[in-house]
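Residue numbering begins at 1 within each chain, and the chains themselves are lettered A, B, C and D in the order written.
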Amino acid sequence: MKDTSDTRRLFRQLLRIRLIEERVAAIYPSDKIKSPIHLSIGQEAISVAVCDVLQPQDIIAVSYRGHAGYLAKGGDLKGMIAEMYGKPAGCAFGKGGSMHLVSAEAGVMGASAVVGTHIPLAAGQALAAKLRGEDKVIVCFFGDGATEEGCFAETLNFAALHKLPLFFVCENNGYAIHSPLKKRWANLDICARVRAYGVPAVRTETSDVTVMRAAAEAAVAAIRDGEGPQFLEAVTYRWLEHVGPNEDYAAGYRSRDEMEPWENEDPVARLAAVMDAAWVEKTRAEIAAEIDEAVEFAEQSPIHQQEDLYRHVYAQ
Amino acid sequence: MSMLSEKPAMAGRLLAYVDALSEGVAQEMERDPSVFLFGLDVDDHKAIQGSTRGLVQRFGPNRVFGTPLSEDAMTGVAIGAAMAGMRPIHVHIRMDFLMLCMNQLVNIAAKAHYMFGGAVSVPMVVRCMIGKSWGQGAQHSQGLHSLFMHIPGLKVVAPSNAYDAKGLMAAAIRDNNPVVFVEHRLLYFTDAYVPEESYTVELGKARVTAPGTDITLVGVSNMVMECLRARELLAQVGISAEVVDLVSLQPLDSDTVLASASKTGKLLMVDNAWTMCGASAEVLARVAESEEGAGVRMARMGFAPTTCPMSPELEKVFYPNAATIAAKAHSMLRPGSDWMPDEKAAQLSYQMTFRGPF
Amino acid sequence: MSMLSEKPAMAGRLLAYVDALSEGVAQEMERDPSVFLFGLDVDDHKAIQGSTRGLVQRFGPNRVFGTPLSEDAMTGVAIGAAMAGMRPIHVHIRMDFLMLCMNQLVNIAAKAHYMFGGAVSVPMVVRCMIGKSWGQGAQHSQGLHSLFMHIPGLKVVAPSNAYDAKGLMAAAIRDNNPVVFVEHRLLYFTDAYVPEESYTVELGKARVTAPGTDITLVGVSNMVMECLRARELLAQVGISAEVVDLVSLQPLDSDTVLASASKTGKLLMVDNAWTMCGASAEVLARVAESEEGAGVRMARMGFAPTTCPMSPELEKVFYPNAATIAAKAHSMLRPGSDWMPDEKAAQLSYQMTFRGPF
Amino acid sequence: MKDTSDTRRLFRQLLRIRLIEERVAAIYPSDKIKSPIHLSIGQEAISVAVCDVLQPQDIIAVSYRGHAGYLAKGGDLKGMIAEMYGKPAGCAFGKGGSMHLVSAEAGVMGASAVVGTHIPLAAGQALAAKLRGEDKVIVCFFGDGATEEGCFAETLNFAALHKLPLFFVCENNGYAIHSPLKKRWANLDICARVRAYGVPAVRTETSDVTVMRAAAEAAVAAIRDGEGPQFLEAVTYRWLEHVGPNEDYAAGYRSRDEMEPWENEDPVARLAAVMDAAWVEKTRAEIAAEIDEAVEFAEQSPIHQQEDLYRHVYAQ
């Protein structure tokens, strides 16, 4: 990896998401964020790599673990922090919280906290794009656990049948909450499963954002060429606990040894090492300032009026 | 008052409910290219018992298509397409199969507009049919509308006649929210005067279908027909019943019910469903809570509190019918005296022409 | 009368609801080798917030095991095992996720015994928790019990305290029918006197938890706690409220409610759920239909008719609480005069000790 | 194929089911059976072959198209006909009808008419057998359409993970009602899909009952040996309409040409041709007499009392 405009762009995204997630984790014990948070620390490179090959009109679908995707696709930071604070200035008017980020402007479909539910929704978005003849790729990010829900299999079949412009991105972090893959899958080769439904699948086993970007680029190009849905299994690792701001290696279900290779390969650190140090510092400072401003915005922004409870039940 | 006009216009031609459904859809598809219709078997020669007849020929397989047997994901697909600005109509030949779609309907469709603070809306229609007779049995006969009425964010309608079927279909398609559209198999071949041109029936309004002074009979879907027949039977013994068709279940026009019930002083609600936590419980509760409702005597009827049996003898007892409705109303008005109309006379003509199996 | 005895015995030790749940299960697993417990994450160190703590260590991974994220099929697996004579307990950390299981619960579990003419029975327990507070939001907070109450063949219970939690658990496991066992997250760390030995609390009976003469407050699950606190607030202004805990939702002991309501003449039902077609609609409808209920003034409270918002300010308004319940009861008794208790005083102690996030 | 005791046994079963189905079809226009019927004519050999290798303690799970399975496993004929008539003497007390056959005695799990629902139920039966250490194989028969329901994928994974004694038998008749496979599956190789979940799979493309029997025998032996679940795709053809007693080649969604190879290979006819003709006639007569008796039983047996409606809502 070299210090090029490409790597700078990718690094900046990675660093920005990392610093934002760290700030959220730091705020959390203050109880200002009264919403369950599922942080992406350790997994950021997937969102960054994939979103880097997307166009503004493309749409991504994310889950409750959606901060990285939302930010990588260009979701507004102030709107995200204010959303966690439950303020009307939040991207979901403070009604969704951390688990339900959304951005019509940036092309982030509203996130769901019922595992797997957003997978067929993404297919519906892709069907709409196809019916209207739009040049639009839909990306759906989900975890390894989500592939166990029946709707995943149903959606694979439907997407393949209709050759939908849909990119399935499985962030395989090896766990669903505390349950490891081998307690959940008889056959660990998820790509084989997916291919058997008629969807081409590739696997990456790295934190190297450029390798993942290349895989994503090929898949998205195939989709734009009308070849139908593609699947990427991005093997990754969740550094912190499932929900909340802390490490949980003492809990016993996994050891920190398992994480260390990932920490050693951390793309934020590795890219920082090859970048111009002054530029890195400047970038870090810029991001910190942006985060300060967003947190300040969220903290200062007004709270809800009781009447707001009754808004948005039905669309007019 | 804000209820629907007393009678559907006597304009247009006599049209069957089943044809009113497809005409309603066709006119909206003509009008708005974002409308499409899909679901299991919508494009085959049986055409969901005729209710999607001609649509694939007219609008092509991009806008009218069958699906794999994957109701859960297909519901998600409908919702996702709706979020993207399309207006999908997802069709189910039986309401029972919606149980496979509950997660998407309850946890996404109903909540998206709210949970995303208005950033998203879900304009879609879920067509589903209540099955009845010919041994449909436990899993092909349920009226499960109250499950959807319970969830804020969903709308639910249940047309009892061809006029409403067409007009509500147009209104449901144009509505910016998910609408569960409850049809009834036994109504498919009943006729009504239906205008040729497009029109909407407003969601959220009930209709006084037949006037009366002694008791209010409130019906849902096919049970409106049974109530109307019960009204005739009651007239034979000098009782004047007013029949209210709820038409829309959520929003629920309890004002119209209340106005009628506080006038007659007696309310008998007859649902095409179980009563426990059903639409009938809601209607009675609303009347009971109201000022005007104090003093109104109330009762409800619905499916027997059992699973639906296949056996024809038991199926007959499982459902309310004109005779049992009339007898119940009679017992509310004249407590001491036992009366049961002749069962033969009570049978509705449409029931006699219907013949199985599916 | 057939209601449950006024108070749970003051014997045994103080035990938290969460520990009562696991003790209830453990004693049944000890007693009957056909009992097993499974579900997502039941065997990890968090142990469903402690409610399955120690079970896998004691009974081994054949009888206590986690599953893939496949709620629909896992429900089918539980039903199939029950049909084969086992007594599965299937655990869900949130009731919202039961929407994925509706088809199996409604179309199979509820109907099998009937549809197969008694040849089959389905003795199983579906444990599920209502989430509340800390921005659980739209999809982790629903009380959906009325959806199950609507379906004949299912039983539904909702213990409000540790004593009932343990006794109902034993009764539910021994019952030969599918029982939806509704727990509440905020109750997990509330204590009650709980006998060490095994006992059952009969399904289908309500309990008068606290006597009173002016108004009947009927509560479900956590709302019983809020009603008890409201009772204290009302006492401060000279109003004597009787609190009824429904305990069991299906079968529903409306007789106990009716006896209380016809004594006090006023009924306020407070549910941990939406009111539309909810348990509160059913209770009011039953009272309205009855002879004795004529003249009882009635009202109900529950979730606001909206999706549950994440925002703490809005979440507060979404739920009934002791203060709003007391104020509503007050307005029913003294219509003209406006009164609202101090919110601070009204907060229940368990709410103040609870802290997020999951 | 030769006239041996084995082929006689198989032939007798095939013929019996065929004649019963034909009788049901013949009765149907009389409206005495007020229940939707889904006949197995053309598909009988699958049930016959599989049930021939089972033990009495084994259990089968069938769908609404369950007559053949019920009969092949030894379900009582009188109980079946009476059930279709909705009489209390029926195997489901007349409450289920044709779509909900059941026999605790013969090991037929109650049949469901919601497609796919019985697949996880069968896994539950298999789990129970495993937990109790019973020597029991569970067979689940289902159609090609049922494999599209999410619960099928969920069940495959779970069964493989727990090595359940479960034999999945897919009766692939190429249609779900009127919808052909190619309108529903992007990849027609269902065995590949199944294998990718960790379940061994074989396919038969014949009406030859002995070939199918051999495939079933191998699978059931593997299951009894503790090798976990197995899958058989038995390609077959539905001769009559989806529901009801008639042919429907005039409807346009398929042509009779498609059916003819299957008719030519009809195992009932082919086996009859190699059997001793006198024995065949005797057998046919015996079966006809048995059917007459069962129909007579159903017709004469008393109808329900109104109170029966309220029985069986809850088990005591």
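Here, contacts are C-beta pairs under 8 Å (C-beta built on N, C-alpha and C of every residue); 3 or more make two chains touch, one makes a residue touch a chain.
Please read these numbers as outputs of a predicted model, since none were measured by experiment.
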item	value
Co-neighbours of chain C and chain A - touch as defined	B, D
Approximate Å spacing (C-alpha centroids) for the pair chain C, chain D	42
Intercentroid distance (Cα basis), chain D paired with chain B, Å	36
Separation of chain B from chain C, taking each centre as the mean of its C-alpha atoms, in whole Å	31
Centroid spacing, where centroids are CA-atom means, of chain A and chain D in whole angstrom	46
Where chain C touches two or more other chains, by residue	67-68, 70, 72-73, 96-97, 99-100, 103, 107, 114-115, 137-139, 152-153, 305-307, 309
Multi-partner residues of chain A (each touching 2 or more other chains)	94-96, 100, 112, 114, 148-151, 154, 157, 161, 183-185, 312-313
Topology of the chain contact graph, where touching chains are joined (line, ring, star, complete, other)	complete
Sites on chain D touched by chain C in the complex	59, 88, 90-96, 100, 102-104, 109-110, 112, 114, 117, 119-129, 131-132, 150-151, 154-155, 157-158, 161, 311-316
List of chain B residues in touch with chain D within their complex	40-41, 44-46, 66-73, 96-97, 99-100, 133-140, 304-307, 309-314, 317-318, 355-358
Interface residues, chain B side, partner chain A - complex	36, 62-63, 67-68, 70, 72-86, 88, 103-104, 107-108, 112-123, 152-153, 155, 176-177
Interfacial residue positions of chain A with respect to chain D in the complex	148-154, 157, 160-161, 183-187, 189, 192-193, 195-199
Chain C to chain B touching residues, read off their complex	72, 96-97, 99-100, 102-103, 106-107, 110-111, 114-115, 137-139, 142, 144, 146-147, 149-153, 250, 252, 273-282, 284-285, 287-289, 294-295, 297-300, 305-307, 309
